[in-house]
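In the two assemblies presented below, subunit A is common to both, partnered first by subunit B and then by subunit C.
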Partner chain A sequence: MNAAEMSIADLSGLLLSFSFTIFVFSYIFGDNLLFRLATHIFIGVAAGYASIVTLYNVILPQLILPLLSGGRDEMFLTISLLIPSLLLLTKISPRTSRLGNPAIAILVGIGAAVAIGGAIFGTLFPQTSAAINVFEKNGFINGTILVIGTLATLLFFQFSTRGKESSLTGMTQVANALRWIGKAFIAVTFGALFAGVYIAAITALIERFIFLWTFVKELVLPALLR
Partner chain B sequence: MNLKLKSPISTAIAIGVGVVVLLGYFFGGDPAGELTTLGLLRDFLLQGAIVWAAVAMLVGIANLASVHLGKVRADEEGSFSFILLLSLIITLGVGLYDIIKTHTDQQLNFQRTSWIFNYIQLPIETSLMAVLAVSLTYAAVRLLTRRLNLLSAVFIGVVLMLLIGAVPQVAALAPLFAEIRNWILQIPTMAGARGILLGVALGTIATGIRILTGGDRPYRG
Partner chain C sequence: MEEIRCPMCGKPNPDHLEICQHCQARLKPLVLSADESSSGEANDADTGLPDWQPSDQQDEPTSEDETALEADSEGDDWLTRLREEGDSEPIGLTPPDEPPETEEPAEEDWLLRIREMRDADAAPPAEDDSSSISDEVLPSWMTAQEDESGEQETSESDLSTPDPPSTGEERAEQLDAPASSAEDSELPEWLTTSEEGAPPTPLQASEAEVPDWLSAPEEDGEEDTPEAEQPSAEPPTPATEPGAELPDWLTAIGEEPPDPELSGESEAEIPEWLSTAEEIEPDDFPKESQPVDDGIPDWMSGVDDPDAEPDLSTIPAEPDPETPDWLSGLEVEGLGWPTDPSEADSPGEDLEPDWLEEIGEGAAPGQVPEEASPSPFLPEDDLDESVFEIDELTDLLSGADEDLEIPATADDADGLPPAELPRWLEAMRPVDSPPEGTGDIDQGQVEQTGPLAGLSGVLMAEPEIARLKQAPKLSSKLQITPAQQDHVRVFRELLATEGQAQHVPQPIVVSSQGLLRWLSAFFLILVIALVVINEVQWAPRPPLASVPAEVLNVSELINTLSPQDPVLVSFDYEPGTSGEMEAAAAAVVDHLMLRGAYLTLVSTSPTGPALAEHFITTVQEEHHYVSGNQFVNLGYIPGGASGLLGFVQMPQRIRPLSFDGMNAWTTQPLRGVYALSDFKLVVVITDNPDTARTWIEQVQPKIEETPLVTVVSAQAEPIIHPYVGGENAQVRGMVGGVIGGASYEQVTGKPNLAQVYWDALNFGLLTAIAVILIGGVANVFLNLFRNKPQGEAS
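Here is the complex of A and B:
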């Protein structure tokens, strides 16, 4: 960072970055005006940026440009995409929003099918086949822990309603004990996830401190000492 | 039996489209590797879903703008909503200008949008992530002081073990630490993650089937 070699745009950008970093860090002392200002600007900018990326990468090349310069087949295909898109736009106003229901239904139908397909081919088959081969790769003890952990965790996700405590049979008591073991495995997994997120957050914190320190050392202090 | 079917057209569309896409997964290709009619239809619908999801996102952003416009009019935290709208409009304006410039110059010209991204969005996002470190520490301390039981002790113990084991100096001085850390990550964490993933997948399939059979209709309204 050298102020003399920087353009006005870069310099003002760095000043903005510095200010916004301080504004967000002020949240450490509690919710305040500066933090709210930063988050509201962030939401506005992020929404605007997402709109621009969507317009440039999806809407323009797939919905607008083929209509303007595409062949007959392409135009026919684009019109079939355009009709549900226009119906979706009716969702903006509460008065016309009912017209958009069929378009939402198309999205929901496709989403449900993709979710089922993804769950079967992306998770269920690969994870089940990996669980089958645990003894070959991990040995007997680790393999047993993996199998018990997987089954106990899976058992914790009960998709039906639970019976009353008084009506518990021996089998359900075993299932309950396994569920408790599953809870312990979930605690270990969430602990690992927590540690991962914590390391990422600490990395971001260090990066921001380095930025603040570099900004003060190379731009603020030389200006004050001049 | 009095069967009252609400929004029959939307329900029929959702079921029809969903079944076609789902069948396309299983019967989308013939043994020679060529796409069948079902496969072509599935590809068209998936391609369309990208466009419609993009339009739906724009509708969502328009809704965000209208909600904040309402707040500005009602003077309910209006100044912050005004700032949000202003930053949204400026970003959109700059972005649209860059898109037009890119098309007229026939080369990528997104310096202004990149400036906004690099100097406003990225620092705020990174700072929010950094503040998360403080919030997570506070949450962990609260867990220890207010809800200490065997499971929370296991949770905190795993967190500490993984954090200490991640320090390279610790791994160099006490290799056992690194070994325990690797074992935790590869065996119990993997078992729990696999169980969670399988549970989520089964839940997803159950929810998807409910939608495809018309049991759930989240498109009414």
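Here is the complex of A and C:
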């Protein structure tokens, strides 16, 4: 990275990146203006960028261009899509928001159907099949651990009234033990998720430090040493 | 001129005034004095004032009363006087407690005459007609009385119950006239007068001014009513003048014809109530004696006075055959005795009444024999069924019963043998203790006081209210229970502490959080900075043997690719995680480029196309991939899962243009590709587990044999890991985070971004672990020291 070889846009980009990184790091001193400024700018830039992307990647190629240069079938299809799209705009005003309900209903209905269908055929059935064949895939030890972990976790989410200690039967005591094991598996799972989040955060921090160090080493220090 | 002093204001007033001229109060009371009443009797008789009407003028008889009696100008005043006398003092039927001795000779003479007449007369048959009997037996004075036919209103009661001596002088004066006449002609004057006329019969007397109580037995004939006994309780009264003014009811009686059975001369019209009584047959009356609980008739009101002593003891217990026919008929029929001698208790005995025998023997009338039955009722066999109007008769006798016993003691003092109480009277006598078997009467309560004293079964006017009860004692002291006292105490304490300020414990100021945050951040930043700045590579690389299988699977899948094979790469991560995702995916994408695969870039995130462009042109700059030649960026796929599903089904329709506006499907990377299954490999690079699951759920089932591998963030790796497995798994391979990228670099043998981050990441993780451990231990010790005082305090 050489500042003399960099364009103004790249150099401005690097300066902004460096600055906003420092602004975000300022949160270590608590909530401050720089941090709020950085977060607001990021949200605004992201929203603007998403709007531009949506306009240039969705609306123009899939809604406007077919009407202008598409064939008849493509035009009818586009018009049939354009009408509910326009009705969605009526949600802006409470008076006309009822007109957008059918389009919302279509979107929600289709989305729910797609999500449920995908969950059933993409997660539930395959995961059930994988749990059945756990010993075949993972061996006896891993399979046993997976079976115990699965059953114990399911038993942990069995909600019922708590009986008296004296009235606990043997079956109830076994169920309670499995619940405790399930709780342990859940704790390990949450620990793994937290570790993954922490690793991701540390990685982002490292990436930012590398950026900062690179920026300082290649732009600031040469300028200062010069 | 005399003055009268007003009783109200005390001021003098003229004598002739009746109203006070000062205060308008009445000077002369409306209630006349005794003198005035006696002087006004003549006027009352003239005006026809009924004798039963109470009058204050008749309260106290005086000498003027005697004059009035002698004059006999008042036909009905004798009843009133008798009543008045009965109220004031004992009259007639029984001698007073201390009868004056001066009157005894007269009475004895009078009775002796009756005895002589009885002895002279032969005993008539019991069944003889009353008229015939009267002709034979009646004395002359009675005969004369009968002939007078209404001139005098004497009755058989007058004869049968001669006027006894009274206790006072007035009483003696009242009886002076018959007594004095007896001395002269052995008969009383009034008897002498009667002797001159026809024998008096009750019917004849009723023609004149016989009162209802007297006329009733006369006209009833055999159906005697209790009224027939009333004369026995009444003192004899002198006859009144026939021309005296009578009340209406007496006038009506006087005009009624007498009963033909008793006397054909009596044609006086019978009152309606008497006519009704006449029609009553003996069988209509109850055969059994009935309880006595009704009120006393008005005509016997004078007898109610306990001081009065009606001489009921002189009433014969049995009909005397030698008595005058009118009297015997009255006695037999009126008193309920059987007219048939065979029905008598002792047919063979002398039919002379007991009272006459007692008179003859000198016994005092009214003396009650000791053997008198205490039963208040006569046996059914001894009673005539048509004897009494039970109610009135018993009431009458109830009042007289008390008087019967008093003279008995008086007579005992005189040495007279005790007289037998008539059985019929004994039967009706109320007793203090009701006998057994008296039916409903037994259930009643014996009256203790008043005119109904001694009667049982008397209905009390106000049985409960009239009884005085002692008022309950209510304590004026407040009664408080212990529980209430506790409540009062608590309430007082509450009120007392209400105004006092409560001590608010000082909150524990946690001032170490900022310091800990500063220290944690300082150490972490320091370690990472040192590692990055120094570019140390102290951390060992992951050994190849320990590379996860899913990472190896990704490498193997990529190794199976041929150059120019279309590979779909999804950049679905956010700019915030671009550092991690670029480090994890750099080795994989580098491997793909090394393999010469054509890349088609898509994203379900709006920022994804830019990140993809940046990744290809910056991170993988060394491969010199050109858009449209080696890769094509299809851009953003809107609609989430639905858009992704549509892209799977109609990729060309959903994303017809590239991110830079070219016709993407005519570029080199997409030649021969019409569906997603035409791609040789699908690589999903995402930091969001939901996005990865969406790709797995929506795309993987549609791409059939095309393998799907994921490069995910470390935070999404635990969630996506269940989908990763063997050949039939939904995700054929996975690279997770920097660690997965470093492992993949180990597999490929080419260092990349993961190598740069590796040392910093490892030292950063160690620092974080150290901070967590130190913080945990410090927290434990702090809690121990913090809980110790609380435990001691507790």
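Just so we're on the same page, the second predicted complex is superposed on the first by the 196 of 226 C-alpha atoms of A that agree within 3 Å, B and C clash if a C-alpha of one lies under 4 Å from a C-alpha of the other, contacts with A are read in each partner's own complex, and residues count from 1 in each chain.
Just so it is clear, contacts are C-beta pairs under 8 Å (C-beta built on N, C-alpha and C of every residue); 3 or more make two chains touch, one makes a residue touch a chain.
This one's a predicted model, so the numbers in the text were calculated from it and none came from an experiment.
Visitor: Considering only the touch criterion stated at the top, classify A:213 as touching first (subunit B), second (subunit C), both, or neither.
Guide: A:213 sits against subunit C, while subunit B stays out of touch.
Visitor: Pick one for A:123: touches subunit B only (first), subunit C only (second), both, or neither.
Guide: After superposing on A, A:123 lies in contact with both subunit B and subunit C.
Visitor: Residues of subunit A touched by subunit B versus by subunit C: which partner has the larger set?
Guide: Per-residue touch count on subunit A favours B.
Visitor: Between subunit B and subunit C, whom does A:114 touch in the aligned arrangement: first, second, both, or neither?
Guide: In the superposition, A:114 touches subunit B and subunit C alike.
Visitor: Kindly classify A:171 by the partners it touches after superposition: subunit B alone (first), subunit C alone (second), both, or neither?
Guide: Neither subunit B nor subunit C is touched by A:171.
Visitor: Considering only touches as defined above, state whether A:202 meets subunit B (first), subunit C (second), both or neither.
Guide: In the superposed model, A:202 contacts both subunit B and subunit C.
Visitor: Quick check for you: in the superposed arrangement, does A:50 touch first (subunit B), second (subunit C), both or neither?
Guide: After superposition on chain A, A:50 lies in contact with both partners, subunit B and subunit C.
Visitor: Using the touch definition from the top, say if A:84 reaches subunit B (first), subunit C (second), both or neither.
Guide: It touches subunit B, and subunit C stays clear.
Visitor: Now for A:192: first (subunit B), second (subunit C), both, or neither, which partner does it touch?
Guide: A:192 contacts both subunit B and subunit C.
Visitor: After the superposition on A, what does A:148 contact: first (subunit B), second (subunit C), both or neither?
Guide: A:148 contacts subunit B only, not subunit C.
Visitor: From the superposed pair, tell me which subunit A residues show up as contacts to subunit B and also as contacts to subunit C.
Guide: Correct list for subunit A: 28, 46, 49-50, 54, 56, 58, 62, 107, 110-111, 114-115, 118-119, 121, 123, 127, 130, 189, 192, 195-200, 202, 204-205, 207-208.
Visitor: Would you pull the subunit B residues touching subunit A in the complex into a rising list?
Guide: Residues of subunit B touching subunit A: 7, 9-11, 13-22, 25, 44-59, 61-66, 80-81, 83-92, 95-96, 98-99, 102, 113, 115-134, 136-137, 140, 150-152, 154-159, 162-163, 166, 184-209, 211-212, 218-221.
Visitor: In their shared complex, at which residues does subunit A touch subunit C?
Guide: 28, 46, 49-50, 53-54, 56-58, 61-62, 107, 110-111, 114-115, 118-119, 121-123, 126-127, 130, 137, 189, 192-193, 195-200, 202-210, 213
Visitor: Which of the residues in subunit C end up touching subunit A in this complex?
Guide: 517-518, 521, 524-525, 528-529, 532-533, 575-580, 583, 606-607, 609-610, 635-636, 638, 640-642, 645, 654, 656-657, 659, 661, 687, 693-694, 696-698, 700-701, 713-719, 722-723, 725-726, 729-730, 736-739, 756-757, 760-761, 764-765, 768
Visitor: For subunit A, which residues are in contact with subunit B within the complex?
Guide: It is residues 9, 12-14, 16-17, 20-21, 24-25, 27-28, 36-52, 54-56, 58-60, 62-63, 77, 80-81, 84-85, 88-89, 91-92, 97, 101-121, 123-124, 127-128, 130-131, 138, 142, 145-154, 156-157, 159, 182-192, 194-202, 204-205, 207-208, 211 of subunit A that touch subunit B.
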